[in-house]
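Below you'll find the structures, each written out as structure tokens.
Shared chain: chain A. Partners: chain B in the first complex, chain C in the second.
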Partner chain A sequence: MKKILAICRREAFAYFYGPIFYVAATFLTFMIGFTFYQIVKHGSGIDANIGYITEMGGSLLLFITPMLTMRLFAEEYKQGTMESLMTAPVTDWQVVIGKYLAVCAVTMAMFLPMLVHVGVLYALGKPAAATTLTLAAVLFVWGAFYAAVGLLVSAFTREQVVAAVLGLAANVVLWIVGFWLGQTDFVKRVEWLDKAVSYVGFYTHLEPALRGVVDTRDIVYFAGAIVFLLFATVRVLESRKWRG
Partner chain B sequence: MKIDIRKLEAPIAGLEKRWEAVPGLLKRLAMPVGFVGLLLLIGDLLLWIARGRLFDLWGSLAFAGGLVLMLGGIGLNTPGFLRAALEFAGPRRALYGTNALVVVALAFVVLTFANYFASRYYVRWDLSPDNIYTLHERTANLLKKIDEDADEKGDLEIHYFYDPGPLPYSNFYLSREMQNLLAEYAAKSDHVKLHLYSATNIADQERLKAALARLKIDPSAVPLDWVLITYNNEKQRKDLKRTDLVEQAPPMYGPPPEPKFKGEDAISTAIRDLLQSESVVCYFMTGHGERDTGNTQGSMVVLLENLRGLNMTVKTLDFVATPIIPTDARVIVIADPREPAFRPVEIDKLRAFVEDSMGSVIVMAEPYTLRKQGRSSGIGEFLSRYGIRLRDDLVTVQMQAVLGGMTLRPQILANQYMPPHPATAPLEKAHQPVYFDYACALQAGQAMDERYAAVALVRAPETIGAMNTEDVEQAQRNMLQGPIVLAAVSEPKNPDAKLGRVAAFADTDFVALGPDIAQKGPGLNLVTNVISHFAGKKENLGIEERKPTRRFINFSPTAQRVLYFGVVLALPILVIFSGIFILLIRRR
Partner chain C sequence: MPVVKVEDLTKRYGQIVGIDGVSFEVEKGEVVGLLGPNGAGKSTTMRILTCFMPATSGDAQVAGHDVFSQSLEVKKHVGYLPENVPLYPEMRVSEYLDYRGVLKGLRRPERRKRTAEALERTRTKEVAGRIVGQLSKGYRQRVGLADALLHDPDVLILDEPTVGLDPNQIRETRALIKELGESHTVILSTHILPEVEMVCSRVLIMNAGKLVPQEVIDRYLKRSGFRLVLTGDWPGIQKKLTAIEGVSRTQLLDKTPELTVSVETRQGTDLREKIFDAVVGGGGKVLEMRQAALSLEEAFTRITTADTAAADEEAA
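Up next, the complex of A and B:
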């Protein structure tokens, strides 16, 4: 555990000492703040819950997470530090989990300024605590899912650009698979395929939680997907080690 | 042809050398250019999904721009991409990569099984404000019964044909509310199967068409926002229309009234009826030139489908050929009888059906048309026994008291001209007008059979009924002053008496298939309500609409300005400055 935390700390500080984190956090803070303002200005008021932070933030993570994860392994390959990391007394799992926890923590840290929004909502309204926690958890899962995808993609290549582009493409595919593919005539005509596509699309599993309904099926889906992606990342690292 | 991937090593190395010579600015531009291009392509894709078409002006511009930028970015990064491809496809890597792939594939199988079991055995917690997604206890009990009887009666299937757009007048989205609600039904029971059909999706429409063909439902009788529930291996069915799902008064003045979503009450009541009741048999009489029941102009096909949607079995009965009323008959509908006229033996049979078999008869007439041809259907004799007199006037309506003007199409508002009755109550709540076309007049009075009392069901506003509109003098002599009755019902004075009921409508066209069928919904609802009332429809379950407690925060204009400077400007600036500060400290 100490080794995992050491790797996590090293990676997290690398983000905090670099510009990408601050650029992304500023962009995120501005966009969510602007959304908040637009709802207040053009609506008849704002519902006292953090749904808009979750939905806007989660949607933006689609683009932001690949920019965070692109450097995780690609940079190690590029700078030649991967060999020293792999020969260090740590297992592949520890490396992967350490890096993954770091990117998850950094993703969530980008939302820290949003505590101001939460403060405003709690000062002026009475958000339901259970709903607030559920929506915060949804945001975390959303980010954690994208991070796992980005981590896997980063393990494939030494080019950061390639990792970012592939990460974004993978996120988009997973995002639209339920929406777009599920709406195509071909899929709609085959009932089992329609159900399968609907199940694979991850937004199908986020949607109930965004309403405040927590389902064990969705938990298993996300937990399973994240574990699977981390497992695949470990296998990719391992195979790279043997392939030279 | 065999490609030795290693042969590509040298050219790529050459490209990488050249890449080293590329100016630093161009190198730095490569990634953002490709990224912006990809974003544009994604934006175009989203535009496509949102607008349903790709190559309009903006879509084409976004697509072309995105493609150029992305290819430019890839072009600038060519050595990097080629290196990645080479690394991925090298023979040695492929060997070890395959090993990894097999293990990952096995893990994927495990993941699939985990999801499969999770989808079969799951728990759901409603943490929404005020638990609005928790189904009522009565609904839960009904769903439990479906699970218990699943081996014998199969699944309960819910088909929902929806308009993905919003309902007018409000920010209330019926399709979203319905889909959320139906998802809870399906989540609560393994034996509730959902079939959703979007009105804007061609494949969905094809699926709906196939389902309708299988269930033998006429597509012309299917409106938007329509729910069909089938049970008992599709032998029983019940449908719900928009008016069953939403109580929405149209805005007259000022802000639109809040719509009331009746979803759970309506759906659970329909399920209850399917679980508890046997199908009622309703006969449409033929033989006297009555309206057709097939899909032809002026036919009763939509009414038929409405009744089938109420879990009724609809059959036809040629009463002239065989003047015997089947024992399974509960309701008989006689729609626009003409000739041959009803014989005394037929009238007696009908009377015996009402008085001895607790059957009910609904008559829809067009006597004005018959009178013009100098004929009579003879059904008036039957109705008069129950206090309903069928006149052969033509109802005209004075449109404006001062300016005058006549219409032969009175518009009847339920809350003004329909006396309280279980059959008219739903229309009153829905604020729906019923249009009658060239209607005759009825009179509800003393019944010959003292056990019955006839009352008006629908009155016409400020009406004048005339025997003949061309002969003004005669017309004035025989003028029947309003309010005139357009529909009447005769029911036993003692509600517990074992007697049937009789109803009459002064028109038939108001529910007949025609080009203006879309306007006939309220009229169809009225007749359907009368028939279902006669068939002994039970009251709704009474599940109240649940809405989360409003937790709205309203900001004054000053507060909005503070908010703008605070969260839109100050907060992002604070974040970027803290970043600059940390980076500067780090450099030192």
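Up next, the complex of A and C:
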């Protein structure tokens, strides 16, 4: 556990030494601020809660998470530090979980400025606290899901740019399967296909929670998906060892 | 019981053979030099011993644990300095060592103590607060060494520990390795031959993925030779020289202004008079004769430029 935390800490701090975190956090703050402005200016009858942060933030994470996760393994391969890391008495799982927790924490850290929004909402209105917490949890799960995808992709290559592009591509594919595909007439017409797509696609499992409905099946879906992705990452690390 | 035991170790990268049937043992307290040209398989061997990559076949044990099935135990007993010393450039030296200490399972008070000791031993105390990315090559190398020492491992595996250092640093590092050799088992790789002669108690030579048998190395080292400066007709003199029993090899090194010739002999017999007579008998005159033992460097060049089988034959 101590080793996992040490890896997590090192990894998380490494983000604060580079520009990507700050650029992404600024962009996110600006975009969500702009959304807020639009809602206040044009919106009416919208429930005064943080739903817009979750939806806007989650959508933007599709692009932002690959930028954060691209370095996780690619940089270690390129710098050669993979060799000192993997020859220290740590297991592959400890490395993978440490890195994963770091990127999850950093993703959430980008949303810290949004606390201002929460403050404003609570000062001026009466949002339901349970809903706020649910929406925050949805955002976290959304980010954690993309982070697990990005982590896996980063383990495949020593080029950060390749890792970023692959991560983005994977997220887009998941988005298409999870959101857009379910909306097409072709899929809607075939009942079993419609069911299958809605079961596999991740957005169908996020959407109820966005409306405030928390279903155990959705929790199991995301927990399972993340564990699977982390497991796959460990296997990729192992197979790279064999190839030398 | 040997601390490091390698048996018939083979590593293939697809079709390419990295190392081929390597076997050796290292006893406790030995400082062993792993010598070989680039691409001979030194780093591959070290990476297998440090559990960075598995071997294709064969067995390796470090400190009584199998590198494949008990890799975590092996890693606890090994301090490794990889080639090119990979470090995290954004960290401070003391931060980095503390982080490595946690990974190596040291508790806080012990970690503090051992970090201070490692900084002291590798003379990196003065850069403890500096950022790794700004260090000179020499300091980076020593920080890597400090990391390898951190958990006081039984076995130190150092991949080219003096590459990129200036002469003073090289001397200091060699002294440190020698000192470490008193309390640790050390395997180091290098292609600087005097280094091996100075630091190591034993040498293993690798060539094209294979370990050169110890008898071959010994046979080379047992030979001695002479450097002659002559006048006269070389082919005639050479014929006479090679006819002497005990002369294994003659070679013309230079033709102008006089002939410079090396004559190798098997050790144990004094051939100076016979060589003198042979030169005179071949119609030449001896201007100079100097005895020179075959150095490890010459043996190394001879072994690694010819293929091993031919070298073996030649030595015999």
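The definition used in the following text is that the second predicted complex is superposed on the first by the 233 of 244 C-alpha atoms of A that agree within 3 Å, B and C clash if a C-alpha of one lies under 4 Å from a C-alpha of the other, contacts with A are read in each partner's own complex, and residues count from 1 in each chain.
Rule of thumb we're sticking to: a residue touches a chain if its C-beta (ideal position, glycine included) is under 8 Å from a C-beta of that chain, and two chains touch if they have at least 3 such contacts.
Being a predicted model, the structure only gives us computed values, none of them experimental.
Within the superposed three-chain model, A:Gly224 lies in touch with chain B and out of touch with chain C [touch as defined at top].
Once the two complexes are overlaid on the shared chain, A:Thr87 sits against chain C while remaining clear of chain B. Shared-chain residue A:Arg10: touches chain C; no touch with chain B. Partner contacting the larger number of chain A residues, of chain B and chain C: B. In the superposition on chain A, A:Ala232 makes contact with chain B only, not with chain C. Of the two partner chains placed by the overlay, only chain B lies in contact with A:Thr131; chain C stays clear of it.
Residues 17, 242-244 of chain A lie at the contact with chain B in one complex and at the contact with chain C in the other. Here chain C touches chain A in the complex through residues 11, 13, 18, 44, 47, 50-54, 72, 75-76, 78, 80, 82, 84, 86-91, 99-100, 102-105, 144, 147, going by the rule given at the top. Only residues 2-3, 6-7, 9-10, 13-14, 17-18, 79-91, 241-244 of chain A touch chain C when the two sit together in their complex.
In the complex of the two chains, the chain A residues touching chain B come out as 16-17, 19, 21-23, 25-27, 29-30, 32-34, 36-37, 40-41, 44-49, 63, 113, 116-117, 120-121, 124-128, 130-131, 133-134, 156-162, 164-165, 168-169, 172, 176, 179-180, 183-189, 199, 208, 211-217, 220-221, 224-225, 227-228, 231-232, 235-236, 238-239, 242-244.
Per the touch definition, chain B reaches chain A in the complex via residues 30-31, 34-35, 38-39, 42, 45, 49, 73, 77, 80-81, 83-84, 87-88, 90, 92-93, 95-97, 99-100, 103-104, 107-108, 111, 114-115, 118-119, 122-130, 133, 180, 183-184, 187, 201-204, 206-207, 551-555, 560, 563-564, 566-568, 571-572, 574-576, 578-580, 582-583, 586.
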